[in-house]
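Below you'll find a set of structures to go through.
Both of the next two complexes hold chain A, though its partner changes from chain B to chain C.
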Partner chain A sequence: MKLAVVGAGAVGRSVVRMAGEYGHTVTAVADSSGAAVDSDGLDAEAVLSRKSARGSVGAADPEDALATEYDALVEATPTTLGDAEPGFSHVRQALDRDRHVVLANKGPVAERYGEVRRHEAESEGEVLFEATVAGAIPVLGTIADYGPAQVTAVRGVLNGTANFILSRMAAEGLDYEHVLAEAQDLGVAEADPAFDVEGTDAALKCVILANVLGDGSHTLADAEVSGIVDIPPSALSLAEEDGRTVRLVGEATPTGIRVGPRLVPMESPLAVDGTENIVQLETTHAGTLALRGRGAGGDETASAVLADVARLDR
Partner chain B sequence: MKLAVVGAGAVGRSVVRMAGEYGHTVTAVADSSGAAVDSDGLDAEAVLSRKSARGSVGAADPEDALATEYDALVEATPTTLGDAEPGFSHVRQALDRDRHVVLANKGPVAERYGEVRRHEAESEGEVLFEATVAGAIPVLGTIADYGPAQVTAVRGVLNGTANFILSRMAAEGLDYEHVLAEAQDLGVAEADPAFDVEGTDAALKCVILANVLGDGSHTLADAEVSGIVDIPPSALSLAEEDGRTVRLVGEATPTGIRVGPRLVPMESPLAVDGTENIVQLETTHAGTLALRGRGAGGDETASAVLADVARLDR
Partner chain C sequence: MSAVADVAETRRAYTVRLELVDEPGELMRALRPIAENGGNLLSVFHERGNLTPRGNIPVEVDLECSPGRFDDVVAGLRDAGVTVTQAGEDGYAEEVTLLLVGHLVDTDLSDTLATVESCSGASVTDFSLDAPAGTDEQSSARLRLAVDPPQVDEVLSVVRDVADRKGLQVVEPLVEGER
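For the complex of A and B:
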């Protein structure tokens, strides 16, 4: 397929680098300051080295990327809340042109899911967004195959940064600030970690899941969210004495979204360590299904984007 | 979709019972002694109660089931080795009529994969077989979405009966014969358990995986297989002293298939208990993905069959 990639962060760059290996052609790449466009297919390495050398993928107008020839738009700009712009408008422009959309950006499907689906219904294009929930883990594809009506609830550890901090606090008996600093040194946590440690990122993933399972009316405002910032090391050692530990667990049902620190047994599948994610699906006829793997990372998330592209290609 | 179900064992009966809930119509059901056919859709409950009351789903000729109107043939007759008949001929008849095929029967894709693919290439119909590997666990769908070329190896605990026996032997220090008898009382093991405990069932699943990952030339004859029959309780207690346990692990790569008892660390994801299955996919760009759930059971396997039907319906 011909792909136009909007957003040249870690995920966008990995999609550009990996697309050829998966048999696809990148006809456009845009970042906030410029774009590279070639309807016959761009030279990925050239675009990526220009990005690292000059800070931008190219000298063209970013709008040109959306106007060029492509089968699927890969929307990988940063997630924004509220109006979810500019992501939402990118999705709309692609659907208005009867093109497919593959989202890595959570905003449009977390904050304006109903509108996205209404525009999709009027388009020849389809919208897929596997990459928005738990990176490389095929949660949405599995729900689609089972049928959303057959999945009654989804529960999981959906933020690798928060999980890394909690596992380190439990393992070393260190306090939150100390481990956060360590995580920042390792590049596991952002300079401003609020989005991850306050539970917002996990909540957005649960909102998307609730929208897929339910009537699609949920937004972040409906989520009951608490983060890990106030957890004292003593809480973790108390839990450990009881054979349990604390994990930031997100839960989504067709009607509700909850994210917060939960006590889980040490041997529970939910007690994953480090930056790993795990997602449990409760099904009507197949019991509980657990999917575990890397929930973040450029190449990992890009492989979820390319899995959606493969679905659209069939 | 309209489904013709051939084979009325646990899986076939569950497909018949569940199809309506998933929005599909069953136009034919056949077992070894008879068939029920109605191109407008059968009354599932009536067919199933006739099966339990009189031992057969109906008075029609089983061949009529294959000749009736349907979009996808669900082939759920018992797995046979070698020529994989009568399953293989059922697949061929459906493809010759340009119909889709969904397999729960491992034989055709384990023993005659290349032929199945060649007939599929000449047909408008498609062949899917999620239910043949690890029941409810979406292994093949995940490989299809990632791209077989992006999955370098698959490793897993693929037989619930063998795993139940090993976990019980380890937990209770009991010997093989004792636990096997218990498993047979519980209905977890067949009266003739050879297919499960000698590793044949797990090997067939690995052969199918190797065919999907590689050139499709593998058969059971290529598999290096050893079972769990000769494992003494002492081996399990020795492993335990070392923080490990024994699991019947199957491995498939594009070029080879191995199944046998392996030492695995207690905390390894492979150390699942009871009848659960786990499958680990090694990927090129997304690290290791682990999928865990129920690897057997009528409804569980039927939900994998219906996931394939959903893929064909899109």
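For the complex of A and C:
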């Protein structure tokens, strides 16, 4: 397949680097300031070294990337809330041209899911978004295989940053600020960690899941969200004395979304350590199904993007 | 009328575990003393195929009766020659553990606990406070509650309300599986 990649952050760059290995051709890459376009296929290494040396993938207009020849648009610009722009317009442009869209950006399917689906219905193109929920873990593909109507609820640990902080606080008895600083040094937490530690990122993933399971009308505003910022070490040690621990757990059902710190038994499958993610699906006929693995990272998330591309290619 | 209502209100759920010999009519014989002593059967879980080491069949019976009659129910069972391996309300209550975080002491901790205790079907069975910086500062508490299973959602919402009112954070237990 021919791919146009919009957004050259960690995920976009990994898609560009890995696409060839998966048998695809990248015909365009755009970042916020420029673009590289070649309908016969770009040289991935050349584009990426220009990005790291000069800050942009190329001198072309980013709009040219959207106008070039491609089969699937990979939308990997940063997640934005509210109107989900510019991601939403990119999706719309691709669908208007009857092209497929693969999203790594959560915004369009968390905030404007109904509109995305309506545009998709009027297009020859399809929209897939495996990479928006739990990185490399094939949650949406599994739900699609089982049938969304057969999945009654999804719950899980969906933010590696928050989980790293909670599990390290519990293991070492350290306070939140101390562990956050460590996480920032390790690159596990962003300089502004609010999105992760306040539960917003996990909530967006749950909103997307609720949209897939339900009628597609949910947005972040419908989610009940609390984060981990106010959890002191004393709460974690009281939990531990009782054979339990605290994890930031997200829950999605066809009708609601809830994210917050929850007490779970230490031996619970949900008590994953470090940056690992876990997702449990409640199914009508097959009980609980669990999937765990890496929920973030450029190559990990790109592997989910390329799994979607493979689905479109079938 | 009011006396009847009082009696009805004080009926509680109990669980008794019995061991029955695998013979026809054994189950009926074991259940009769329960009704005869004022107990109302809620459910009978007959674990056929799961034998005790002595070859008996374990049966779990949920019933409700007024607290004053429960001893009569158990005595009636034993008088009838039924082996009662466990009897009490503990087996029937759901254990709910949660954490509270914030200015617990400044916001009248005993009132907080009393509010939880005032829920019908809930009692605080264990309480642990950790106030590392002294009682004037933020502290954490772990509560273990015994709750009648149908009351769990109601009790959690009472806890949420009192915490909300006092600016405390609740870390609720996660219930896995279907509710």
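The definition used in the following text is that the second predicted complex is superposed on the first by the 314 of 314 C-alpha atoms of A that agree within 3 Å, B and C clash if a C-alpha of one lies under 4 Å from a C-alpha of the other, contacts with A are read in each partner's own complex, and residues count from 1 in each chain.
By definition in this document, contacts are C-beta pairs under 8 Å (C-beta built on N, C-alpha and C of every residue); 3 or more make two chains touch, one makes a residue touch a chain.
Worth saying up front: this structure is predicted, and the values here are computed from it rather than measured.
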Chain B versus chain C as contact partner of A:V246, first or second or both or neither: second
Which of chain B and chain C A:A307 touches, first, second, both or neither: first
When both partners are placed on the shared chain, which of chain B and chain C touches more of chain A: B
First (chain B), second (chain C), both or neither touched by A:H285: first
Contacts of A:D299 with chain B and chain C, given as first, second, both or neither: first
Which superposed partner A:A136 touches (first chain B, second chain C, both, neither): first
First, second, both or neither for A:D230, with chain B first and chain C second: second
Footprint overlap on chain A, where chain B in one structure and chain C in the other make contact: 288
In the complex with chain A, residue positions of chain C that touch it: 97-99, 101-102, 128, 130-132, 138-142, 144, 169, 171-174, 176-178
Residue numbers on chain B that touch chain A, as the complex places them: 14, 18, 22, 130, 135-138, 141-142, 144-147, 150, 269, 283, 285-294, 299-300, 302-304, 306-308, 310-311
Of all residues in chain A, those that touch chain C in their complex: 152-153, 155, 226, 230-235, 237-239, 241-242, 244, 246-247, 249, 260-264, 268, 270, 280, 282, 288
